[in-house]
């Protein structure tokens, strides 16, 4: 399949220059390179400009509600582990209303890839502060500039037990494609946080700004990506502003490996007919 | 005020031997030692056996809903920064349904003390797995033993930007009192996680078990409590099983320091009458 | 002779009161008796008083637990204090001799002190007091010692030899003591006819079994009283058939995960109670808008907010009926018996798939938690109707990406394509969308899609949903639902009044046509329910517009109605309207 | 001559269509005109077509935006395509000469091409096209160049000299070009009498001002269309008076934080729309159970689920009325005009404190977002009634810890003690509780407490809550609420029909007594609303039980009714029932 076969012909409603375009293209390109059958690809998203991404894929796409892409995605994966499940959404979606789901999805470590399309602002609601907006950031709800400390997605992911954490940048598409491919191939939960500038409501963290501030993780790091504390240190030292695979733990067992029953029986395709013998077995406890 | 003056005469409904008793006593003792006027103490809790704690205090107590002690506590503190606000609740309350609020309350760093009464199980619902239950833990919802990796509260707190994080043990009450006092005195958000055995539904993580496994943070640590990565390392190395002040950042500004307006004006006590001049000022933008 | 025998066992929470009751009920049921229990407990783990009342009958299933007791077995003082006024004049009080008795309570009543604690302490540990109780009650109810020993062995066999031995010693001593002090209650002199095979379970268990039989293979949930047993039971059963439960971080996640799993093709459910139900409002709307079939159990307890977690109420109804923000089709089923818990759950999954909408199974605390002996639910292969699924021909014939998941059809139902199905890729969104599932806010499309979704379940309004009993007397019909039904039925059987009786099994879509017929047929419909506003009566009035025909009787103090209260209500309202 | 003039400005989203409209409205209002706008936009940031229709009048406030335009100013092709059929026969189309015109659209109509883009590109940047538009429309509406230049300076003064200079150059060129090609519309030949001082705002802004005047000093919220402006405005205003807004992690936290702040003594609020409202169900129940006064704004949009975020609907009503799980008292206010948005918000805070319960201010998208010129809301010191607060004497006289926060009183209202008040320490819980606020599930206590909470607001049922206009004709009453009211009123004024008109300002507790009087007085009450089920009509039927008197007219396609449609409805229903 070509990259274009993963599109559905709709023109994204995003502003010209929005970082989200590149993420969509990267996902489509990755799918094409990995030759994922389109019917085996499930793309789940939340609400936000970012959330529209699922609607541009030729795949089984589910545009859920604000903050809930991960619970829906986990339900899909649990039902049918043969599907390749990709969840995607904005920084508000994943680190404000969806924080709890993000933490617990990471902890469960199902074989799902989660792409956070981070523009450090609420794009769809026309410019409101996000939990990852930098201090001083002026928005409609912070007219005097935000004073709260931003959350650090990388630290949070690692603390929640992430087995794969990477960061990409919309303007570095080739790297982003590789990161997404690594993430999908990683057998467990993988989070790819993408710096994806909002050209309309974030006039601070622009493409230019990221070009000036982003470092390559591989160049800066002192330890191997499998070194937990080393990766924490990398994030601390770069203030989170680096791209590449930040952390990968290849030994941590995925949900599917821990819960063998999920792997063995595809719930979605199993035969539901019940024999009398099984009925007797399940009602045994209640018989007298 | 004596310790008993902070009680309201009710007998806790907890099981004999429940770790929560000691936390209640510690809180009352701390209040007594600090001589906090009872009308200036607000204790907010969630739902759980733990959540009942607020109901045994002679203070302004608010037994809110499951997982929401922190938003309510923050509302109280924002309204009246002169109050000493203590939030408390179980591990399910704070790390399952309330995860997102925990993370964001830590991030905001208001001058609130949050006590997590951690028994690694849902006590009130009569024994269900919690996100911090260890692997293999058998409960009514995990009859074959839990296989998921537990969350690590310490790592999560630090990753969320905690300025004070301590761990105590119900059976080490004197230390616990000191930790709670330190926490209340810390000018910003302080989280005290207390290992508080559930004698009825957790037959694994018992008093005995903790006595065998808990180390003293001060004895194990290689770095100062102000060393972020050092504290992470301490948590990693002890698998979270240590007591004492794990991390304290005295330089991080509290919410009240960052948002001067909150400190300057006590919202709860200000005069609400409006003068014509102010009215004209606030409607200025709308006049033609 | 009495038709039935009612026994109350009371003690401190955590002393094994409930498990003792259940053991006894099981053993009696094996002997051919029917039993039904009702628990009174508080939302605390230990320390509070708890008691369980058990009504035992010989001929047929017990409809309702009696409120007057033939016997009280008191392990603590409160059990006497709180219940003596309900002991029948000829009833007997058995109590632990350690309890200080206030003469006033027992004045003129038969009471026998038993060394329950003493025996336990002497031959085992104090907490084996409940085994003493079994010894004594075993005697009263006419068990042989051998059967009791089997019971105790069953219960403690896996707790180690020492524990078992001690319990047996306690049992034996208690049984022997009882043999010399108490006699068998005359009710147990003749044995019931061992006619039918039986089962014993609670409503939540009947729902869990129904779900598995219906082909449900996934449940995501978050614990809450009184719904948790549904997940607990599925966690035990699923390994036998290949299914999965997940305890999520909260209810918002639980319903979203259920939606995801169902979307991907598994029959999926969740279960909760009031506080969780409110949080699931978001997911109900999403399932409604995306037309994803899901089954949600709401085991009602007393609200609002945390309310009274261990008390009976039926006050979520209005909320469930009127949904969250916006409007979508949903189905609400309301079982009144254990058999209906089972059957309606099987039904629920078929309805969900057929109408592609959320189906709510609404129960109440008493129905959810009360253990009952019923005639065996025998196996019959269930009809599993997965509803409309896109055929390969359709998928192959539609152009790439052109599968119309939300095709506008006559009856509003369109075929689904399950992820993994080639050619069926499409979009699903909580936004208003067109036939392809793509966002659209064109007014004509909006109207067409709203009509499509709403009309799906309209045919159900024409179908019956109320189950009648009686002789179609034509004067007064008493209508209720949930656990109140058993009590109403019992009261009705006793008053012998010339009125009829009904339970409503489907509340949404309301069986409007049937109701209208009933309103023509009866002079009055008296709706009995446990909530403040008379929620069912309100809904009926709203949908049928004949309020003068409907009288609402409500109660909202956390207790259900007793049989006597129901009888009185029947009496009064037959009077007042004659 | 026309009573008013309606202008539609359309273009690509992000081109400044709305801000151009607002600038023009402001300038016209300063000249003494009244204006009202309505936006059509989609839930995307840029790229989609967006347009704003503005109705301009001379004598009094505009009730409703006309659906036929005197002039269309099109900056893109879609604006012509989508709106030409609504141009009046004598109307004029102005359009950017870059747009390809389909002859069919403009057949027989006056249309003038203008070099909007060309001028912008030549003298500044393409995106200054909206300044070209101002130049041209300024000419049409009769502004002097000087006034326009002031407007542009006001808008771009702080964007740097270059930007300002370019904009002024664009303006001048466009104005001059217009002077040679278009003439002033005759409506603007005579100026309105500059009688009264005016303001211009949207519903959300009127609510924000009302809140501050009422003494609200805290708001926690989470952004959502169409409610976000409430928080945005408070974020701007609060620094002037000493108040605080917090953007929380979600709506569940927002309402919980509001409850906490209010409990601690500040007048507090939150604002949201459907999806957030559903999540706030939990907090509503908690506030209801703990009797904490809070104010919640629900700016309704089309549901269910994410629905149509930028479209009009009034479909949260049933949900708001019937609450979450369980039952508690709440008040729902429904403003229909900007003045009412202001006044009812002031009221809301007093009601919340007086009745110690959640008060919901229910608006709809059109009311929340439509900018309107109104006569100045002049200052009058508001009555601030904080309700019952425990006196020092009471607190001193009650024993330690004995303050009865939930004292059972005649009217159900008990005095609060605010944290910080000596001797007032007490417990608050979402569990059922006794007078001290301590958990209790005793049946008698439960009943007393339910009755206490429910009866608090009962007196409001006796009080009026419906505002009538007309001559009490006695035949037919049209009843509506929210933004529909303006349209209904305009239709009514035009038809001159012998019917009366009403808007409902308080939906819960429903003004039952007044409704019953109205039902005696009128033959029919026709309820007009924007939702599928006819939710207000249903509630009225449920509470008054006279469905034969009530006819429900609904619309649920995301559009409100136009004046013409309202007129037709009036015509039809007066016919049908004669």
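The chains carry the letters A, B, C and D, assigned in the order they are written, with residues numbered from 1 in each.
What we mean here is this: contacts are C-beta pairs under 8 Å (C-beta built on N, C-alpha and C of every residue); 3 or more make two chains touch, one makes a residue touch a chain.
As the structure is a prediction and not an experimental result, all values here were calculated from the model.
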Of B-D and B-C, pair with higher C-beta contact tally: B-D
Farthest-lying chain, centroid of Cα atoms versus that of chain B: D
Rounded Å distance between chain A and chain D, as computed from the means of their C-alpha atoms: 37
Geometric centre distance via CA averages, chain D-chain B, whole Å: 40
Whole-Å separation of chain centres (CA-atom averages), chain A against chain B: 30
Residues within chain C bordering two or more other chains: 42-43, 236, 239, 249-250, 252, 275, 282, 286, 290, 305-306, 429-431
For chain B, residues that touch 2 or more chains besides their own: 47, 65, 96-97, 99-100, 103-104, 131, 259
Of all residues in chain B, those that touch chain A in their complex: 96-100, 103-104, 107-109, 131, 147-152, 155-156, 158-161, 228-229, 232-233, 236, 252, 255, 258-259
Chain D-touching residues of chain A, taken from the complex the two chains share: 11, 13-16, 47, 49, 52, 65-67, 96-97, 99, 122-126, 128-129, 131, 140-144, 200
Residues of chain D touching chain A in the complex: 14, 42-48, 221-225, 228, 231-232, 235-236, 239, 245, 247, 249-251, 275, 305-306
Complex contact set, residues of chain D against chain C: 42-43, 252, 273-275, 277-279, 281-282, 285-286, 288-290, 300, 302-311, 313, 315-316, 318-319, 321-328, 429-432, 441, 443-444, 446-447, 450, 454, 531-533, 538, 541-542, 545, 547-548, 556-559
Of chain A, residues touching chain C in the complex: 5, 8-10, 37-40, 42, 44, 47, 54-55, 58-65, 68, 71-80, 82-83, 100-101, 103-104, 259, 261-262, 264-265, 267-270, 272-274, 276, 278-283, 285-288
